[in-house]
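My questions all concern the structure below.
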Amino acid sequence: MTMERAHPTREPIPQIDDLAQAESGSPFTPHDADDVAEMLAAIDVDDVEELFDIPDPVRYDGSFGIEGESEQGVRRRLERTLDANADVTEFLGRGHYAHYVPSVVDSLSLRSEFITSYTQYQPEISQGFLQVLFEFQSLVTELTGMDVANCSMYDAATALGEAATLADRVRAADGSTILVPDYLRAERRAVLENYTDGAGLSICEFPTENGMVDPDALETALDEDVLLVYVETPTTDGVIEEHLGAVGSILEDRETLFCLGSDLLALSLLENPATVGADVVVGNAGVLGLPNAFGMGIGLFACREEFLRQVPGRLVGASEDADGDRTYTLTLQTREQHIRRERATSNICSNQAWVALRTAIHATYLGPEGLTDLADRCTRLPARLAAELDEVPGVSAPANDAYHFREFTAEIDGDAEAVVSELADRGFAVHQRGEDAIQVCVTEANEAHVDDFLEQVREVMA
Amino acid sequence: MTMERAHPTREPIPQIDDLAQAESGSPFTPHDADDVAEMLAAIDVDDVEELFDIPDPVRYDGSFGIEGESEQGVRRRLERTLDANADVTEFLGRGHYAHYVPSVVDSLSLRSEFITSYTQYQPEISQGFLQVLFEFQSLVTELTGMDVANCSMYDAATALGEAATLADRVRAADGSTILVPDYLRAERRAVLENYTDGAGLSICEFPTENGMVDPDALETALDEDVLLVYVETPTTDGVIEEHLGAVGSILEDRETLFCLGSDLLALSLLENPATVGADVVVGNAGVLGLPNAFGMGIGLFACREEFLRQVPGRLVGASEDADGDRTYTLTLQTREQHIRRERATSNICSNQAWVALRTAIHATYLGPEGLTDLADRCTRLPARLAAELDEVPGVSAPANDAYHFREFTAEIDGDAEAVVSELADRGFAVHQRGEDAIQVCVTEANEAHVDDFLEQVREVMA
Amino acid sequence: GHEPLLSEKDSTRHEPEDTYLPDDLTRDGIELPSLSEPELVRHYTRLSQMNYGIDDGPYPLGSCTMKYNPKFTEDIAGSTAAAIHPDRDPELSQGALQVYHELQDYLSRIGGMDAVTLQPPAGAAGELTGILIAKAYHEHNGEGDEREEILVPASAHGTNFASAAMAGYDIVELPADDDGRVDLDALTEAVGETTAALMLTNPNTLGLFERDIEEIADIVHDAGGLLYYDGANLNALLGRARPGDMGFDVMHFNVHKTFATPHGGGGPGAGPIGVREGLEQFLPTPQVRTDGDEYTLVEPDESIGKVHGSMGNWLVLLKAHAYISRLGDDGLTDTSAKAVLNANYLAERIDLEVPFEPFHHEFVASAGETDAADFAKAMLDNGVHPPTTKWPEIVDEALMTEPTEAESKRSLEQLAAAFNAVSDEDADTIADAPQTTAAKRIDQTTAARDPTLSWQQLSE
Amino acid sequence: GHEPLLSEKDSTRHEPEDTYLPDDLTRDGIELPSLSEPELVRHYTRLSQMNYGIDDGPYPLGSCTMKYNPKFTEDIAGSTAAAIHPDRDPELSQGALQVYHELQDYLSRIGGMDAVTLQPPAGAAGELTGILIAKAYHEHNGEGDEREEILVPASAHGTNFASAAMAGYDIVELPADDDGRVDLDALTEAVGETTAALMLTNPNTLGLFERDIEEIADIVHDAGGLLYYDGANLNALLGRARPGDMGFDVMHFNVHKTFATPHGGGGPGAGPIGVREGLEQFLPTPQVRTDGDEYTLVEPDESIGKVHGSMGNWLVLLKAHAYISRLGDDGLTDTSAKAVLNANYLAERIDLEVPFEPFHHEFVASAGETDAADFAKAMLDNGVHPPTTKWPEIVDEALMTEPTEAESKRSLEQLAAAFNAVSDEDADTIADAPQTTAAKRIDQTTAARDPTLSWQQLSE
């Protein structure tokens, strides 16, 4: 059919932006040409460029070579880019954990009054977020057993770094050693070194046995120089520490602080840090409220009352307003950088407040029984999976004679690298641990895939 | 390795609900056992069952056999179920259209103050939604050129049904015929029949030529009995009607109403319905604000002022409150079923208010220029695609010698059913039209897939 | 409080240029607000803040079942896999069709019905569908012309009357007996060869169970009529009684009431219809059927045709499916238990008279000497949404109150405190209410006298 | 207004039973609120309504760049494809690594830098990282011990001082000249062989461009020091000047300021670092590199190690990428134009003195005789968020004001009206403000005297 009238055409179709009024410039600047003209007239300037008091030699009139796109275009491009992440089911852990995040977390935390607000410098119009943070502190206080908790650190690693400098500030002794277990993740240790470098502290390792503290070895490693001993439960290898009480006893009469690393879910079930004598509790609070987010988290920081004025980061306190009603406000701000500057307890300013909101929602959604039940499940799931794996020829699991939380190490007859790689090809990601071991993490988030996973392990090991 | 202590185990792991406090019953009932006990005591009843005044013979004590699941479980199950929808790119239209819905639509329309509210029976605490609906009516008024628009009907088909009964109410004449074009979708006609059956109206078809009204044929079909003539632009086949003015002229001096079917996006560019003499405009407003949602939409209804008190559905009007401030309220409620009962203008109660909110956000996001540009694009895209298809051996496109909006029909040398099926296997869905034609729809939503689509068509036709 | 209209923020006339279409097919231009995204977002954010929803507090609108809307159902409805075109070949939409089939099945079991259609996009649309099915049934039996009346109790929802009228029926209104239920004598009197159906809500709008339902069913059936169940109050009976078991032939479900899909400021809802054996052939087309493997679309033999352009309000139905799946038997049964417990506890806690009992999920209190509409305005100043007012008329100055199962004991006490505070207020305070809301009292009568329905009319 | 604490709504002690672990490895129990989902949702919904965000109105906190946060970036960050574990083999996370690489590249171009790390999770973390890189550089040159001082202008952000101190440096504070800029004589005096670096914000906190930046760079470089750029005010210069071209060696970006990622009530942000050629080898590990086909993780030769446990605040970085991609060159350049135009227009419209100019994206007005903190409280009653107060101290009763480019002319006029209304108010009214907010004036000093930091302490 020939078309005379309707002109079917292959001529290029003009690019349209999906926000037409932003024909050039930013779609997020509300000014139309009339606005600009009136504003320039009001300030008696002919051209916006005149407002820039930049000497010519440092003026930039080049192009970044970044071409703006429609919202649809950006979404499509980034979705395609992210699709290049392999579609594997993760059995990965080692400090970063996936739990099922209920829908209320997104729904409530994305309310714009929360997410588009900033630090609560004007408490009278920020009572909502202040109460959220006060409640977060309270949740952390209950779960850690500590007296005080702050609003958040960046992640578990930086929280540990802050604990070390706190130890340096509160322990007047000459000591300068931070004693850490040999299972400490290299990444956390690397951060710790950068946080303590300025204070002239040094990091020393103590050996562990069967994935746990060996109290004798710890005592041997201790000397007057040690400011802080760090221990984890569960450890990055998934082992539930059985000697926390012993560590507490060893450190009880010393100037050395006992810093425990854990997470909010594990703490709902495992030994109360206060009971075993911990002075500071750090860790990852983002196991609740965040999915695995390529390592983005929220650092947990709680400690005993006596260190209160040396705590890093923001604190929210209860207060009263002019009518005598209960209100909340940022408090003890004289610890902080915007007031104390170089004598602040930390340089932290922006923190992870919005993640704290998410964590609080998730923890409250679960409630005390839900938290404990889920934590209990996180002890049963790895035990069962380890038993199943142990029956696979060539696999011995768990490698540690211990109770586990979420994850465990399994020994492999053969080349662990090849096994890990082969499993990845079959759609499952696990950690490689050295040449002959893997580490496997299971929670309610990937529980439904356990049978498929086992099937693939059997085939790979066959 | 044998494990004495840590008991790896294959014993069943207890099912946990993700909301522990709802151990039995509903997770959405907030009562704990103490609450229930206190409440029962207060009303002096021993057991909740006693509150049910149901005679034994009609008591039900069976089970529905529906097993409750955790939120995670339901999400996983329904996601898997929906994954059974084939992953095809849709080039489908015929009254249901996909346009890119900007993120602000979800973000704002899901704010709980909007979505969890109901009809604005208490205007003093519903000013937000009332203003939204007033603005929606205003947008529709501008785009249709009509004097008044209501808050929404269910969809385009039911809006047409309501237009027909309105014609019956406002035209005192004895007439009982609704005249519709032969291209009217069977589904819309079926709904129209059910809406008009009670009023004793009958539906008659008039023939069209080249996908458009043939004014002579229309005049021939017209008689005193005709209450309403319905015409679409663009038609369900994608044709832009070129004889709207002629239809208006033919009907100008008759008692017969001119009802135009269109959609809000097309109306931003095509002829103004008021200018061509339309009395009522109906159609699908959900082309803005909703993705393709298996046919869920929002019916558009606008008409001339003189029919105001016969309009079906809700209307929001401006008003003043006791302070003299401008406010909004539901108005002319005496037309409605909850007051007028069997003499109401319609039985409609729940409507599509939340979709109207989404439509208003989307339309406002685009603005007058964005709407017009997008509409213009919807005339160019099908023209270009038709030209490209026309070059494929065995395809002749477009089948109608006309301008098109979003979509067009193409004639196929060969078995259309086989071509459609083969394209589906290759990841593209198009409409089959009879034995030797297909219908293809292209907007900015699927524009990026046009080259792939053409490639597959070429292969299938080869 | 007052937020300017979009049109007061900006009004831009745009006239298309260089269009692909010739000028005679395009309009001169359109004049609409042109706002940037930040301005747009603030506009709607502020409007939302001038609106009261369930998440803000109790919303005890009788007969509307304003219960908590679970958030996870929105995530499911928002998935891209749900965003499909209705004209896909059924082979390409097996997932959606499976959801339809499962929900048809859930509702059949819950209602005690033999077949279900999900097509009606609202409760009233469901009523129309149900009555059209009754009409088709009588026509099938050759009684289409004689049976021209639908019986409706005086206290029924307005939609019952309107839907029956839309289907072309005459309405016969039935009075209530002294206890607030269907008057059997009046029913016996009214029913006959001209009766197409009786439409009934059970529990009725007073919250009372129609104890004589079996006898009612017999009377109607003996006369050759059908019994239609208005599902508005089904929340009260979940797991405890089923319309099918009571003798109802046709029923509708309000998924936005009983099954927690959000009311959305007035909609969309969905009004699926259930029918007993012998009426399936009249259901709207298409029905979703399965052979266990594949889901197909089938046109019932004597289908009434269609009541919606495609498959109804799909996203709403999907949320209802998710809700029922989440609750299961235990959750559904707990729902009716707590709904009824809550209504009874609340009624006990308020100082107003409740003339009719024993009620179930809702009760109708009387505002006594106070105008019920005024009473409601005064409740606004106590931070809660008031009940439905002035209906049903059988109770003077009616306050029709349905707290739903989702309110906690604490919340019910807050609500009771609001009732009681207003009961104690003097007439002037009540007449001046509300004072604490974004808008003061709005006179709806005056607004209707000279309607202003758009910003265009406002600026005239 | 007051919303009860979670703990006041419910407090349930739960003691685990039948746990898989032996008793000696479990705690006795925990006591926490146990709320149903409907109650939970209302709690947080109401709290949100007691909080002011950008979507509610202008938020002109100086130095914080509170601009509109585009909604579509949340949809991208919320996609399941973004929810991946950081220990994936790089082969399994190519998509995420490509995003990192592209953002590194974007930021390099925008800052005029040669290499970028995205690891620092906040601006202050970026500062620490940058200073640690400077330290590594001097140590590499064998000057680690001598160069023990960091120069910081008196008006700099508090984080500059704190970050330098955390890295072990002594701070030397530089006074401003009469025009509010770096005093070159004082700089020349202070700089020397002990100087590790000068940290500078440009435009500075008064909004003034450091016109002598080239000379400053020469002075510092000639003395062997490095020049550090605090990116807090980069929004003013987008597309018009680049720190790299001005002679800066190291810089940080605040993506939550310049690139519109939401501030989230205080975080998370992200503080990527850019460095000039010659400093790449000190960057944190890992760096994302590509050969054009595959993205790999590389440890720079003399890396300082790590400043975050993994790859930084990934979801925040992803949003920044989306924002930059949306804007492109034109959008970025328009951003600085409108940011500076807005600040100048607003300053012109208010009745307060602005002692230092020509300013760019922000200005510091003086509240004159009124305490700036009181002035701010009175602004709350005018429905807007006030500016940053009492800082920098170079201006008496400073009101440091940054409207950002996202405010419309109308919104700026609303903001100006709020400033001017307070200027006209009497001292008593100001002292009693705010009166219209959910909470009245809160005395922060008293709160700090006997801190109550949890509901446990509150009930003690």
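Here are some notes:
As written, the chain order gives the labels A, B, C and D, with residue 1 at the start of each chain.
We take it that contacts are C-beta pairs under 8 Å (C-beta built on N, C-alpha and C of every residue); 3 or more make two chains touch, one makes a residue touch a chain.
What you are looking at is a predicted structure, and each value in this text was computed from that prediction instead of being measured.
Of all chains, the one whose mean C-alpha position sits at the greatest distance from that of subunit C is D. When the C-beta pairs in contact are tallied for A-C and for B-C, the bigger tally goes to B-C.
Annotation: 45 Å between the Cα-based centres of subunit B and subunit D. Subunit B and subunit C have CA centres that are 19 Å apart. One finds 49 Å separating the Cα centroids of subunit C and subunit D. In subunit C, the residues touching two or more other chains are 12, 20, 34-39, 41, 45-46, 49, 55-56, 68, 70-72, 74-75, 406-408, 411. Annotation for subunit B: residues 7, 19-22, 27-30, 71, 75, 102-104, 106-108, 110-112, 365, 367, 369, 371-372, 380, 383, 403 touch two or more other chains.
Contacts from subunit B toward subunit A in the complex involve residues 1, 3-11, 13-14, 16-21, 71-72, 75-76, 100, 102-103, 107, 110-112, 365-367, 369-374, 377, 380-381, 383-384, 386-388, 390, 396-399, 401-404, 411, 444, 448. Touching subunit D in their complex are the following residues of subunit C: 9, 36-39, 41-42, 45-46, 49, 55-57, 68, 70-71, 406-408, 410-411. By the touch criterion stated above, subunit A contacts subunit C in their complex at residues 7, 19-22, 27-30, 32, 102-104, 106-108, 112. By the touch criterion stated above, subunit D contacts subunit B in their complex at residues 20, 34-39, 41, 45, 70-72, 74-75.
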